[in-house]
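I'd like to ask you about the structure that follows.
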Amino acid sequence: MGRCKIAKSRPGEKNMSTKKMETCKIVSQEKIGNGIYSMWLQTEEIAGLASAGQFVSVYSRDGSRLLPRPISICEIDKERGCLRLVYRVAGKGTLEFSRLHAGISLKVMGPLGNGFPLEEARGRRVLLIGGGIGIPPMLETAKQLEAEKILVMGYKDELFLEEDLRGQGKLYVATEDGSAGTRGNVLDAIREHELKAEIIFACGPSPMLKALKEYAAQEKIVCWISMEERMACGIGACLGCVCQSKDIDSHSHVHNKRVCKDGPVFLSTEVEL
Amino acid sequence: MTDTRIRIAGVELKNPVMTASGTFGSGEEYSEFVDLNQLGAVVTKGVADVPWPGNPTPRIAEVYGGMLNAIGLQNPGIEVFCERDIPFLRKYDTKIVVNVCGHAPEEYLRVVERLAEEKIDLMEINISCPNVNANFLAFGQEPACVEQLTAQIKKIARQPIIMKLTPNVTDITEVARAAEAGGADAVSLINTLTGMKIDVQRRTFALANKTGGMSGPAVKPVAVRMVYQVAQAVEIPIIGMGGIVTAEDALEFILAGASAVSVGTANFFRPEATLEVVRGIEEYMEKNGVKHIQELIGAVR
Amino acid sequence: MTDTRIRIAGVELKNPVMTASGTFGSGEEYSEFVDLNQLGAVVTKGVADVPWPGNPTPRIAEVYGGMLNAIGLQNPGIEVFCERDIPFLRKYDTKIVVNVCGHAPEEYLRVVERLAEEKIDLMEINISCPNVNANFLAFGQEPACVEQLTAQIKKIARQPIIMKLTPNVTDITEVARAAEAGGADAVSLINTLTGMKIDVQRRTFALANKTGGMSGPAVKPVAVRMVYQVAQAVEIPIIGMGGIVTAEDALEFILAGASAVSVGTANFFRPEATLEVVRGIEEYMEKNGVKHIQELIGAVR
Amino acid sequence: MGRCKIAKSRPGEKNMSTKKMETCKIVSQEKIGNGIYSMWLQTEEIAGLASAGQFVSVYSRDGSRLLPRPISICEIDKERGCLRLVYRVAGKGTLEFSRLHAGISLKVMGPLGNGFPLEEARGRRVLLIGGGIGIPPMLETAKQLEAEKILVMGYKDELFLEEDLRGQGKLYVATEDGSAGTRGNVLDAIREHELKAEIIFACGPSPMLKALKEYAAQEKIVCWISMEERMACGIGACLGCVCQSKDIDSHSHVHNKRVCKDGPVFLSTEVEL
């Protein structure tokens, strides 16, 4: 129940009427890596409502693909009302997005889910960890966080967003092929540099999150992780996107939490990986 | 002035547009996008006698023009439902249809009995979820079972009941007639078509459950055909669904013989779809000089 | 080097890609776009003992992600077919599969008998066209009828026979088992799903025949599911079809248990679809180090 | 069988390899009337192969609509390799086309079917008749025909393409609402002006074609009409688009002819209307 209180203070849960379905113009589209694209969207209200670690549902323009593509918010420009999404071409939907140029519109719903609990980390020593296409949300999280920030980013080979991240704190990099930073994964980098923190915020592939959950348990530190699951509604209605929860969830009354609404950011101890 | 009111088993709906069970939760999530007061009825996610955890993930897969789901009827159980979801819905001026699921007749009966005290308007009995049983034949596919279950439920039900039919049958009119013979007040169709998707890169099933229920625009022609067939076979009202996104889609069902319609998968990509359908039907009626929606029901034969 | 050869009832195809009956004529029209020599087999439009005029128009309606057709098996009759279409196809280095239709067993048997003298490789028996009979139940939906017809045909057929199954049944494994019990050399599935479209502006059916057979990408999940089910139920080879447009689609069917696949509706909007599927399968095999296509058949369980 | 010989000499039937599937850039898109659009397409080979009265299959860019939209060829610019299509927004597909601007590409197959037999009419007195959205193909037909040309065009109310047509021969107009030319249909105009000809080429709605068929029979003149039917393949393979023929057709061996391949232009006497 302690957790519940924390959750209540997380962004996105305060107000019932915070999600918008909008048609957003693409402001810019840029290839920033091998199959990795960065897109700025002009929103009406979404950017204003958004916080770090939340995501948006992006809809395909082609009627054969109806479900949303959930994409994390990489940067928020509240002044201009713009959102930055950084995504990898993984299939037909993201391929479509990557081919759209500035001026074309996309249907976007958001902001969705609960972001990272920045208040929890304020003034503390924080490890911000991103792996692969889990790196983008860590940028806005780093930007907003008022704390001692240590960034650890794990790549397969080619780096992306590292310029943007470098300004946000001490940046450590791990690459699987050893082409930059530590050879290996983010935990290898953490161990190599003997990095220590009071709290972890992380987003990345399941194996990484699983390893971090164990690491945090050993080190007895609080660890918040952002999870992924296939989605249909994106707002908590269809029960498509659940992850297993340690305890019986107060909404579902079974051992399931909805990634889209109860997450995507969870305490590592409240979910099974 | 157009009159969109319809009646199902004595319950008057302000318009024929409902939500499809399982696609709208109990209305709370979508109340951010839709004024529930404007809907004919809200049909809730299926509820069982006890909480069900549902299937493992992935539960969702996209397919061409639609989706597969294998939620496996996750639900918090009838007690929580009565304490939390019914009071929420009762704040709105809309009819409440509770969708009921179970593994066996006793389980359905327990839910129906529990609902007797509740202020809900209709019950929809889901006898067609293909995701629960490992064997491919569910008992919603056997006319004799359907008639028997319907009769058992009717015996104890305080509210009128809608039997929800599966499309995964050779002859849906047989099943619809069985429901009618058992005393059903209405039938609704279609539930999802059983489908499968294989991830050729990973060489696995896209869904943990292997098969899932297919829904969305891709299934509409099958749904319209079945509604038409059932409309020729039974006297009780029909609630049509399967792939409805626009008012035009809804009107296809109504012209084929449905007294009301449900909007399901469309909510996921057009949260305001239900309201757009309500308005679009009104516009169609005005444009075509249709005074009462009744004139449209089954008008194409 | 990849080996894409497969065998169906002793007939070797250079690759598992065929055309779907009724979507490719007898190959002539598409030979402008496709080198027929590169196809595993050409399956011809259904042919009956005498010319059939087919249904009135409109025979075609577009639906979301697919189409409805109610051609009604128009064909010039077996005599013209043998004189004109078989000689045309025999100019190419591909296998010839003749699709056979009829209203009653005698009609099928007359065609099968007439084909005995012809140099064709396989016969595909269409017992599933929903457009011919006014009543909704065709005899391809009754396992007993299927077994009996299969046995009758096998008695006189000189070429191996493929029984083509309808998806409009509760349990397709029952029908597939009946075909196997009757002696079928292979089964193919799915034929079209019965659907309906209503023109809400004109308040009429979109098709003169009211209902039509649905095909195209929209039906693929149902087709893959049925191929998987049948693959668990029978020993004879399966030819999978329903919504195949790309090599990835074809591989879904093969991984689900199909030994070969047919490309149908896709020809209408991608005339070179068959060849693209042939090439795409080869590329997939090379990329994934699959030496023989056999390794993929039914590999996802 | 006499007809068969005529048919053989019609454009499009000579060579087996005349149909192409191409991705064509839109050169221009213009609204030329209420819901009527004119689009020029840059083709690779289609324009070079096309003749008057043939059509093309235009494919939607949206994967929910897979069947072709058959559209008649309104003008051919062989030098530039361009085709002009003039079409009415009738449903979702044509609505989509109307929203595309220059530079965007469309999949087009063609040229399809048999055009008007221009040779049959050379040097004779010809009535070129168009009704509604059947008017566009009469433009290229008029342009190519070396004959004494009388043009009769029937509109509901608003005129379109009449500027282009006026240069091609003596132009008579009929409008249903009487706002221009003869009040009524094309036959009313023919009667009002006592127009006479040795041969008719016509395209328009079924009731018009039916009336012309009767008129031609009474007047004992040869009448070629262009028909419409729902299509799937567009090349004669699916048997979707048949019309009823008076005699048993030599291909189908029943009383059916394929509009897409045996037509769309037929002798009025060879088809039932």
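Per-chain residue numbering starts at 1, and chain names A, B, C and D are given in the order in which the chains are listed.
Heads up, the rule we're going with is that a contact is a pair of C-beta atoms (placed from the backbone, for glycine too) under 8 Å apart; a residue touches a chain by one contact, two chains touch by 3 or more.
Composition by chain, UniProt nomenclature: A, D = Dihydroorotate dehydrogenase B (NAD(+)), electron transfer subunit; B, C = Dihydroorotate dehydrogenase.
Just so we're clear, the structure is a prediction, and the values are computed from it rather than from any experiment.
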Quick one: point me to the chain whose Cα centre is farthest from that of subunit C (Dihydroorotate dehydrogenase).
A
B-D against A-B, pair bridged by the larger set of C-beta contacts
A-B
Taking each chain's centre as the mean position of its Cα atoms, how many Å separate subunit B (Dihydroorotate dehydrogenase) from subunit C (Dihydroorotate dehydrogenase)?
34
Starting from the mean Cα coordinates of subunit A and subunit C (Dihydroorotate dehydrogenase), work out the distance between those two points in Å.
47
Take the average of all CA coordinates in subunit A, do the same for subunit B (Dihydroorotate dehydrogenase), and state the distance between these two points in whole angstrom.
35
Can you list the residues of subunit D that touch 2 or more other chains?
63-65
Residues of subunit B (Dihydroorotate dehydrogenase) that touch two or more other chains: which are they?
64-66, 217
Viewed as a graph of touching chains, is the assembly arranged as a line, ring, star, complete set, or other?
complete
Mind listing the subunit A positions that touch subunit B (Dihydroorotate dehydrogenase) in their complex?
16-19, 21, 59, 63-68, 109, 229-243, 251-256, 261
For subunit C (Dihydroorotate dehydrogenase), which residues count as touching subunit A in their complex?
64-65, 217
Complex interface listing, subunit C (Dihydroorotate dehydrogenase) residues touching subunit B (Dihydroorotate dehydrogenase):
63-66, 68, 136-137, 141, 168-171, 173, 193-198, 200, 203-205, 210-211, 214, 217-222, 224-225, 228-229, 243, 248, 251-252, 255-256, 284, 299-300
Contact residues on subunit C (Dihydroorotate dehydrogenase) for subunit D in the complex?
22-25, 29-33, 45, 51-54, 57-62, 64-67, 69, 71, 74, 76-77, 80, 216-217, 265, 267-269, 271-272
Subunit B (Dihydroorotate dehydrogenase) touches which residues of subunit D in the complex?
63-64
